[in-house]
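What follows are several structures.
Heads up, the next two complexes both have chain A, just with different partners, chain B and then chain C.
Moving on to the complex of A and B:
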């Protein structure tokens, strides 16, 4: 105690590291250590019940890169993200803009639109089975009343479309909340001035709202892309990847390989390759974002 | 050759054990000192156990027959304070197991926690628990095709049950009642690991009233030039009948009906349809190998026979609704039970569920037969097609869902007691006679004479239509006892081998792949799996499975 009183600066320096320690331990234990294990497994032949039976160099990587199923799952994931994220951003932005205008229904709407965020994705997937079922599914039945027959779960395009619709329902509210926060921070003076110059509210949104809310919107886009690339529960619960592997997203394929069939070697290689691809994509995204934001 | 002294010692040992003078451990050790295996000891005690049997005991209402030792044992509430954890398949078979829990708890004082796991994650959940050594579960309900994976480690993940079988304090059941093709699925290298529950095979179920209809026969004859076969015996007849009953209102309810129901959702159990229906294109009296060449473990799945079978399978799928490709097992059954499908190749749940008027419109109208055969089969080992007068192949396809005991269990006695309780004749018969349990008959006492010992009255008491049960058991038995049987793959990695086949067949049905490409892709994936597990090890196990 005497030393501490005598040397407060030194004590402070030590104390801040002590405070940091739990977070550092957490990251080391649950991020770095698993990553090291994954890298190690990716060079190994792993068999359930025997563990690592030998190291096989880059064979797992070669097998993954030569696998049609792997590239197909990447393509399905890319389509999933490319369709769902823009729709969620557009719908979320419009909804946030309208609520920010102070429409009378805004308060109730704000509560309702956030509800899907509190629902488990796997539950949404199973709900989708009921909604899109060919035997009395609600969506199918409503469309049939209008004379439209959609083979939702029995065709590749129907299956992925159903999964994307559920994803949009789930995640639009996430974009809405973030963009609304951004729009709320814009000074009301700017709105008042813009309304005097513009012909209507849409023009204000286009000329003022979007540019000023763009930084926060890009964060929403980035988070949605990252989450979208990891998508698993909704499409898997809905179609289990079928027919065939037509709706199999990357995470589902990696799950089956690694967790279901305990092929830790190939599953790890798959994960590393995907990590590199996503890291490259995000780097490009950040560079573009920095350019646009000057 | 045992000496006279050894025989005397053995008699002393067996009598002492059965009279409760020596414990199980002492009995087993004594037997082993005399050079006897557990399997032999079990057989030695079986007749004596049977001699101590009584048909029933008023104080033990849930078991029949029962040994006198068991009656005394239960008086002590032997498992009071003991809780066992059971992982089951979240399906009808899981419901069947749960039904017996309160009865066992009442008898023994023990407690059972049941965790239900969907089929798509069951394999992963079982082996995560075993491989991690967590041992959260004492027993798992396994599909028979997971067996190989239990035996990859030097010390198997599951334990033998022979020593329990010899102990008359546990619920009585007799493994010798099994039909041979079913018993194999509960054993590994001749040792018993599984405790009786389910006995799966796929047969062809059909609407005997629709097939017997004179007008239908005339229409069929006019179109195909021969009598409507009831039931279809060859694949050609099956295809013709399926096509004939597709797309018109033969049940006269105002809507079009279908020829044949299937379920084909990927990562479910739809691939079993293909395994059963393709067997007579490849398996024959001259070839028993369906999956691999036993000499080198090269896949046979892309042979000419398999290819023709898959091409025909696609045509058969056309005799049902397009949505079948996304249907689960229950959805496939519903089409038949609702009276909209003339046929369905599936498990025995279907005729059993048909007996419930709440879910079925076809009670009293269900016929059963073996999966139709071919007149030509391809031998993938020799690479030759060969003509046969009639080549019909039996199968034991399906999960034959039953429980095995984890090597990590600390409550093996209580766990076995619970499993044997469900295997006791009274409970096993109840299971196989009630569709909602998901259990099918694999024991002789579940069949009618002359092959079995059950009586029609026992089935009537479970609300069976007498004609349906006679047809069902006859058809089911013919599948399980057919002289030419399709092999059942149980080597390590079987779940993965079958998954690859499953996704590729589904891709063909979904129009994503052509049949040849799909089977070639399956073969290529199988090669990778074999390499990973070790070709020589897999080959030895595959060859052993035919021994």
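Moving on to the complex of A and C:
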């Protein structure tokens, strides 16, 4: 590295480890070590108050895989991500493109559109109850004016749809902020050139904006998928998984298994199964990030 | 921003752009407005969603604010959130920033980007997956339902942000001054503490705000690892969702109190935000 001409090997040879190691040890202690315990518990018969009473091989895994509730939560999570992420990406991209045009007050719009990302998700879910409630809910009331009646929180599909709408409200801002950074880093010379041989605005966006912002957008998409698969707060605060367990996402299911029923064995096995299911996605994510991090 | 496209646009395009932007802004702000209005309504008045204008459509009252603010549990939860979020931010930066600097300036047997990626890798774990060992760890350390317990967890989760973002920021700082200081005989510590760090204050602030906001908004661990004395505001909101049912006006007050602190901080940081949120993969 350029900072180290002279005697590269000696300068800061100990110092650099003094700086780095505490953080490494911290992450090992509080993330990777717990993960090893998760693997151990997934094979164990855990009884509350007694701890591990024995190892039961793959029984926890078999129980989880045979559970309808588990598969249902996987399906809800998959639908949730499959619907919300594409919408967020498209809306976030369009919003970023419009703000990036540099209209007067664009900065004000930027500030407002980026804001939801900093809001507390459980609070948004909780507020969502008052938005989608059949009695006095804002969304319900507005739709009523148009003569549309949607049973938001009383049906499974309505509940999931409401949660997805809130998710889109909350997370579009994330795509927006990242894509905007990508778009604004495109040199204005390129815009000047593009505008000369494009017939209209859309061509500039399709030929210049989208291709050049694509690498950044990929990162936004991957991060959204990874975060989306972990989703808990918005849908859980909105519907608490109901009616019944019909709108329960994976994280909520795992959370309840662990915290409410103290079924640590199955809770752990569930987590491992989930990680295996999304392993391919995680691999793609790491490959992309590795390229970018340099 | 790209003025040229705007200057060359026709009047109709300009109108369309403004309409769309205004629409986005309205949709973004509407829930806040809705919460604000409900927060000054009586419980019965909240069932009149069409009554939107205070004094004209309904008689505003601060009862729900008084109700929440006089509840010792809510106050305690708010204080918990402040302490835990600030504590986590400080702790994550103390651990993460030096590591980030080391990765930006020195060579290690493993490629610096790969070490950064390793820090990042924990972020793919669904939090519910590591809940069991964390819970048991906290039980054995007798840290269940304590601020310290939460700070320990959260600082580990947020370390990735501090390391990856700050590494990126440090790499952007020119090394010329550092090299000059080195020639003058400054120690590595002096260079880090007195030169690089002050030059990276902007990035430091953004990182701090992000860590603060993520900690403030986290609810799953907060609910699982606390029961009463260390309950954070997010955990309280989640709990009141199921215990108190939904009083629109109370929900509105809770929502606003929970949302406002990180949003205020957001207004102060915009520059490095995209880098921070993409873990440095997006260059500013």
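Assume the second predicted complex is superposed on the first by the 271 of 294 C-alpha atoms of A that agree within 3 Å, B and C clash if a C-alpha of one lies under 4 Å from a C-alpha of the other, contacts with A are read in each partner's own complex, and residues count from 1 in each chain.
Basically, a residue touches a chain if its C-beta (ideal position, glycine included) is under 8 Å from a C-beta of that chain, and two chains touch if they have at least 3 such contacts.
From a predicted model like this one, the values you see are computed outputs, not experimental measurements.
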| item | value |
| --- | --- |
| Touching partner for A:244 - first (chain B), second (chain C), both, neither | first |
| First, second, both or neither for A:95, with chain B first and chain C second | second |
| Touching partner for A:259 - first (chain B), second (chain C), both, neither | both |
| Contacts of A:135 with chain B and chain C, given as first, second, both or neither | both |
| First (chain B), second (chain C), both or neither touched by A:269 | neither |
| Which superposed partner A:63 touches (first chain B, second chain C, both, neither) | first |
| Which of chain B and chain C A:229 touches, first, second, both or neither | second |
| First, second, both or neither for A:115, with chain B first and chain C second | second |
| Which of chain B and chain C A:23 touches, first, second, both or neither | second |
| Partner touching more residues of chain A, whether chain B or chain C | C |
| Set of chain A residues, in rising order, touched by both chain B and chain C | 135, 240, 259 |
| Residues on chain A engaged by chain B in the complex (per definition of touch) | 45, 47-50, 53, 63, 68, 134-135, 151, 153-156, 159, 239-246, 256, 259-263, 265 |
| For the chain C and chain A complex, residues of the former touching the latter | 1-6, 8-9, 13-14, 17-18, 20-21, 24-25, 27-31, 34-35, 38, 46-50, 95-96, 98-99, 101-103, 105-108, 113-137, 152-153, 155-157, 159-160, 163-164, 175, 178-179, 182, 188-189, 192, 213, 216-217, 219-220, 223-224, 233-234, 237-238, 240-242, 246, 248, 251-252, 254-255, 258-259, 262-263, 265-267, 270, 273-275, 277-284 |
| Touch list for chain A against partner chain C, complex | 1-6, 8, 11-12, 15-20, 22-24, 26-27, 29-35, 37-38, 41, 94-95, 98-103, 106, 109-127, 129-131, 133, 135-138, 140-141, 169, 173-174, 177-178, 180-186, 188, 191-192, 195, 201, 204, 216, 219-220, 223, 226, 229-230, 232-233, 236-237, 240, 250-252, 254-255, 258-259, 264, 267-268, 270-272, 274-275, 278, 282, 285-286, 288-290, 292-294 |
| Residues on chain B engaged by chain A in the complex (per definition of touch) | 120-121, 123-124, 127-128, 131, 149, 152-153, 157, 265-268, 321-326, 331, 334, 492-493, 495-496, 499, 503-504, 506-513, 521, 528, 532-534 |
